[in-house]
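In order of appearance the chains are A, B, C and D, and numbering begins at 1 in each one.
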Amino acid sequence: MSGFFGSISKESCVLDVFYGTDYHSHLGTRRAGLAFFSPEKGFQRSIHSLEDGYFRNKFETNLTEFSGNLGIGVISDTEAQPILVTSHMGRFAVASVSKIVNITELEERCLKQRRTFSELSHGTINPTELIAMLVAEGDDFVSGIENVYSLVKGSCSILILTEDSIIAARDKLGRTPVVLGKKEGACAATFETCAFPNLNFEIEKYLGPGEIVRLTAEGFQQLRQANKQMQICAFLWVYFGYPPSFYEGVNVDECRYRCGAALARRDSVEADFVAGIPDSGVGHAMGYSSERSIPLKRPYAKYTPTWPRSFMPQIQTTRDLVAKMKLIPNESIIKDKRGIFLDDSIVRGTQLKDNVRDLHEAGIREVHMRIACPPLSFPCEFLNFSRSRSNLDLATHTAVKEIEGKEEFDIREYADTNNGKHQLMVEQIRKRLDFTTLMYQKIEDLVQAIGLPKEKLCTHCWDGSSYF
Amino acid sequence: MSGFFGSISKESCVLDVFYGTDYHSHLGTRRAGLAFFSPEKGFQRSIHSLEDGYFRNKFETNLTEFSGNLGIGVISDTEAQPILVTSHMGRFAVASVSKIVNITELEERCLKQRRTFSELSHGTINPTELIAMLVAEGDDFVSGIENVYSLVKGSCSILILTEDSIIAARDKLGRTPVVLGKKEGACAATFETCAFPNLNFEIEKYLGPGEIVRLTAEGFQQLRQANKQMQICAFLWVYFGYPPSFYEGVNVDECRYRCGAALARRDSVEADFVAGIPDSGVGHAMGYSSERSIPLKRPYAKYTPTWPRSFMPQIQTTRDLVAKMKLIPNESIIKDKRGIFLDDSIVRGTQLKDNVRDLHEAGIREVHMRIACPPLSFPCEFLNFSRSRSNLDLATHTAVKEIEGKEEFDIREYADTNNGKHQLMVEQIRKRLDFTTLMYQKIEDLVQAIGLPKEKLCTHCWDGSSYF
Amino acid sequence: MSGFFGSISKESCVLDVFYGTDYHSHLGTRRAGLAFFSPEKGFQRSIHSLEDGYFRNKFETNLTEFSGNLGIGVISDTEAQPILVTSHMGRFAVASVSKIVNITELEERCLKQRRTFSELSHGTINPTELIAMLVAEGDDFVSGIENVYSLVKGSCSILILTEDSIIAARDKLGRTPVVLGKKEGACAATFETCAFPNLNFEIEKYLGPGEIVRLTAEGFQQLRQANKQMQICAFLWVYFGYPPSFYEGVNVDECRYRCGAALARRDSVEADFVAGIPDSGVGHAMGYSSERSIPLKRPYAKYTPTWPRSFMPQIQTTRDLVAKMKLIPNESIIKDKRGIFLDDSIVRGTQLKDNVRDLHEAGIREVHMRIACPPLSFPCEFLNFSRSRSNLDLATHTAVKEIEGKEEFDIREYADTNNGKHQLMVEQIRKRLDFTTLMYQKIEDLVQAIGLPKEKLCTHCWDGSSYF
Amino acid sequence: MSGFFGSISKESCVLDVFYGTDYHSHLGTRRAGLAFFSPEKGFQRSIHSLEDGYFRNKFETNLTEFSGNLGIGVISDTEAQPILVTSHMGRFAVASVSKIVNITELEERCLKQRRTFSELSHGTINPTELIAMLVAEGDDFVSGIENVYSLVKGSCSILILTEDSIIAARDKLGRTPVVLGKKEGACAATFETCAFPNLNFEIEKYLGPGEIVRLTAEGFQQLRQANKQMQICAFLWVYFGYPPSFYEGVNVDECRYRCGAALARRDSVEADFVAGIPDSGVGHAMGYSSERSIPLKRPYAKYTPTWPRSFMPQIQTTRDLVAKMKLIPNESIIKDKRGIFLDDSIVRGTQLKDNVRDLHEAGIREVHMRIACPPLSFPCEFLNFSRSRSNLDLATHTAVKEIEGKEEFDIREYADTNNGKHQLMVEQIRKRLDFTTLMYQKIEDLVQAIGLPKEKLCTHCWDGSSYF
């Protein structure tokens, strides 16, 4: 996942774009970038790696150099952004939240025209540079973005910074959100609405799928109407989103509270306390604890003063060390107790397994694991969803392989909760991860907790139901 | 406050001391230092400022240079440490958690002897260098430390790194803790026991007041017996300590849970949710919510990915900005609701006032503030307790000034809960900070939540009862 | 000016390319870059600013990350380089020493094709990216480079790094040099041959104008024959080149010695010592001193330990400070003495004027200035010759303006040594810069000192004789 | 060696002290420090390592933080300086150019008094901290400095920064220089007078041996008269000093010119050119070339743009690499030619041997080496003279060992030019270093070139004649 923020104002927008982008830091761990335009300095751009530092530390030194009333910023889990290009429509900067499944095919299309790519991202072309080139093929920005919509398979939301405005375009199926905000003398476009309150923006409009708007300091102007179909990622509420954010008008933390409560209503296990696996399980745990009136406790304290990042590094060994060091078990709460633990999901389960082992070492009596969504069975083809690279290491697939004793099988049978094989798989996961009991959310409860019609949501990772 | 950690092992202690010290990062924001000894490299020391970065970032680059089986580290809210000196007892490094009230008098004593101080700390001599000089006046380390005990007015716990052992000495009145840990082939001494579990140390012994021990990789040896009298700071449980830590065998987070529950038992206000002011109010809120079965919610989300530090910078303007930006209000939870808010204490109240204003802006209906300790009435003279520099800006003194209309008054009358003036002061604070209702913890409830005899605790900031 | 170096070897070429590029540091003060290819890591590129540090300091940290048997490096006085592109001919990196006079026209040509530029250089497109795009328009590298030759007005020498070879192409008129070197198991291409001896390369071949070769570890293969016409910059010998370098087989330092000797043979002024204006006047002064048997002295010492760079910063105020601080006058040599001073050329003369003022302050009796080339009268349109931005500030034009009392005049009259106006101009310069006497080199003496036929040399800045 | 600079002014002295100290960069490669005092900020001090950067780069970032009308700076080849101490005479900063031969004895004296050292320098106590402690033992600064004079065996010149003045004290035997300068509204004290001209200071007074003065913005006041005896290091003129500097009124570069001329007068070898081994041999070569009318050439060019430092790193492998890379041979000058090479001295001879090997590789016919001083036979016990660590690796001792075939011998016999063994030793050195001919300066010629009475000069390294 990645996230972006842009703002245009009657005064300097530099601090708003700096803090607004910073509030997307939970969405990416690789690269971040800012671009501004001012008549005096022209386009100014800076990109830093986030692999050895935080957004704010990295960009604080650039702050005094930037000037401008309009600018965009991006936290990227993959390529360097924003891309700054000179084109027949003038100079512009582009940031995107995208996954281009057919990138090789689109690269070859450009090379045949004897065009060159100037950016590299981990050994391949830079997807956002490709998007910028496809935009520049149009007569104007709208036809250029529609060129992107028609050519790119996957997902793609875009912010474009020109010399006098910001153009915001949401993915044609609305897989990722773009929300507009307004305050006196300024407009903004954001992925996460949690960027708004402290910058004094009010939510003005949730862009629809495929909708394109042009922002100026005075307001915004629709350049293209929204499409009917929508496939917004349901995992945004379960895991990705920051608790105070809203997508389609639905608050993340309240949704998690309802997820936890829904699990609780179907549960009757006895326990001494309820706890969330930090951080993403905490919201779910609050709903569960309240629904069943079992005290909420903190068997783990997260050492936030210096282990702040909620996302994990991609290298397994560092990941393990960070996982171990940042959570401190509290024996006083754990020893000889029965605990109900809420977590958002199980991907591979390796980290959860380590957590449970630590709990046992600290003397816990029973570990009842409750997961806020159904089993993850189908890898995501639509977003840069870093938690499930392939189906090979999903806990569900590992379990089915163990049950069937072979590499080839039909995961659809096991994903179907009405099929008896489903419960077999859950039991296999429980045993492997060493829980006393394990319960997953039902998909209908999850959809109800979100509160949107199921056909508007992408629930592909649980039921394989989505489309390009 | 400051905090320290030391370890001696049969193998390299570098990573243990690095992580063990890092787990004290919540105790100081100014300087941090590490010192190691190895026969090959001798004493190695590194000190960094924490004012523009975190302990781990700052020291990671030094890690590969350090070697040694014994070392100490310190997070300091004031001076640069550890101090490394060459003396008639050989070379040694010193770290301290101390406040030397009579430092000017002790400085003059040394200058009269035509001795020199080589370190400076914010324009005055470095307190830990003074401690090192006083230690070196002794015939040996024990008589040197007793020299410190007899000369220093305030508080002083000490770790000394020699070429073959670590000497740990707790303040003569035990105002700050020193706890020993043990694992196969290694011993450790720490301020915060939350440093132990992830490094696989088990708590072995809580040092008594004035107790001195010598640690080797095999174990420890008592060099001086504990004193009878104790005045351990009660605020350690209320605010300073990290939740999984233990002092005198009493766990911090459980104590906070009991504080919240105690408040709840005396309360009957109606509300839609309970919430803790992040981070230190959260533990208290969990106990309150559970006791009264009112749902725990997160009206604020703390943006931990890049605003990790729980302590505040000392400069008011930055402090205000950080306070504003790191907490994101969630309108979905706040709007038109009645909330009960738990916080550990009220110092000046400025930050709390801002929080409440933000809640009102987000549409809250009622704000019921519950404070986990009694009103802070007497400034701390015993520790570097950064939260109350002087009585001038304490919320209690501001309130009494407003009531009496003059600068001079007897705070003891208002601190006494049996005196009618106490309730007048509380009401004045409530009005100034714009709460719907305000309730403080009773001191007997707080003492009971901690569970130690009152005479063993320093409760000076609430009742002015302690002594040098 | 800029300079580049590339090498391909049977072993790692990283250190050779690092040091080889470093030896071009006198040619540029803005940006430097290195690019390598290895099968394991693919293309690796790093670019740093040189405005706040030296090449070696900046790139030393990257050294361990680079790997490869082939690579190129560039010191650039203008844009960021090398450019790395993905094209229909595969991925390749490009470095250039170029000046594209018609860049705006070529930019518009590309934009009309709806192509985009991804790089920016000081607010305009990056010339080397443009070159890369023009190369990629060809069917192969040779036709692509010929496309550059035919479209670019100005000058352009090129190094291209592919996955298996380096392609070196010299400017079509040979304005800047490209020289091939060879050692056991490796080939190299360089601008400055002073990069060769310490890396154990022997000069193998001076590329002719427009010649293109392909280098492998075994040797090189001619891809395109040299053109007949040549216009190599004569200033390379007078000022730009490093003393041990050779162009067209003619050594720089020996040429300067001959320049000084030629001046001496036409001179009879009496003096106590001869001195070169550091650094570029020193070689000339040695030839002069020897020819006339007047002792060579150092009235100025350059403070090289920390003022190492011979080139000047572009900002006038810093330029003045550096000029003042890096040269230390030696009163012992200067006071009451008559000195003959050699300098390579006079551009604006501001720095020389300051030098002379300092000499007078130190008590010199006479200052006889001898310039190793004729008066600079025509600004360079062919190279990024940073010493004469425009004719507006040339000492010659300033002098003529003073003589004629108007802005418009025909500089050709004054540039012609046979025209009486020439001597008037020289006298005006002498007076303005406060020399006792002033003598310039005659162009025939300079051409003879170089030793190439005049029609092979670009002497445009002296006689306005060159062409595109 | 080390060097220092201090200034006190009616206005800010920060830039003067910054540049004045920078002009001592050739004297040390380890540490540098600056200290200032202003009433608002008190004492401000900053120390940086020079092992990975230059003085100016390292301290530029500190410049804006410093303020004050008085300050001192030091370039140190050994310990961190200046030392800032708090004492019964108030707070003061100390910088020294010193070698304390009896440091262990003085350390023990302090430890017995149960005093502590807070600074460490490469595993031992910091010599300048010891000096500060000895100064503070006095009743006032003069008696304190006399305490240093009487206790320290070796050499010691001192700058002390107090809150209102600078105290400058030259070594009791004047082994190292201290020179006072004056300009309108400011006074300065320096080691190298080459720091003066560009800061507009005029030389006011050469301090005598043991002389102590107090500097204010108005002028200076003598606190202690000079001693009669003097032993100033003759090597200052031969090698250490920067060419434009003066000691005892004698200019360095002119002295070197006379050294070269003196060698020439005793020489008759035929050659094609004369050259100095860069940088320190160049001044000598100019005198030689002029005396014999043999052209001065540059067979080596030093690549100053990025290899600026004239001193060598202490690690042999890096030293070798730097030596190789920074000098570029010019085949055009070397090939088939006979050269006379001047160098200041031969220490071990390793570097010279490499140079000569490179000359042979470049095809030289004859190498005639001329050394500007007699053979170095006795290691320096009086200064931190980094070029001769011990007699073990001196070229003279190596040669005698080879001649005698044993480790024990009387070097005095070989150092005596009247003894036939002397010429045997020189011939042995010549053969080992592969010179065609080798000639050393005679000591009487050297003394005459300097121009002071021999008894005022320390010529110990050549004749073993000095004393403590």
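Everything that follows uses one rule, which is that contacts are C-beta pairs under 8 Å (C-beta built on N, C-alpha and C of every residue); 3 or more make two chains touch, one makes a residue touch a chain.
The structure displayed is predicted, hence computed values, not measured ones.
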item: Minimum number of chain-to-chain contact steps, chain A to chain C; value: 1
item: Chains touching both chain A and chain D; value: B, C
item: Farthest-lying chain, centroid of Cα atoms versus that of chain C; value: B
item: Approximate Å spacing (C-alpha centroids) for the pair chain A, chain B; value: 36
item: Centre-to-centre distance between chain C and chain B (centres being mean Cα positions), rounded to whole Å; value: 63
item: Whole-Å gap separating chain B and chain D, where each centre is the average of the chain's CA atoms; value: 52
item: Chain A residues counted as touching two or more neighbouring chains; value: none
item: Pairwise chain contacts under the document criterion; value: A-B, A-C, B-D, C-D
item: Residues of chain D that touch chain B when the two form their complex; value: 42-43, 45, 83-88, 107, 111-112, 114-120, 123, 125, 129, 132-133, 136-137
item: Residue ranges of chain B touching chain A (in the complex, touch as defined); value: 19, 22-23, 25-26, 53-57, 194, 197-198, 242-244, 246, 251, 253-254, 257, 279, 283, 286, 289-290, 293, 295-298, 300-301, 303-311, 324-325, 328-333, 362
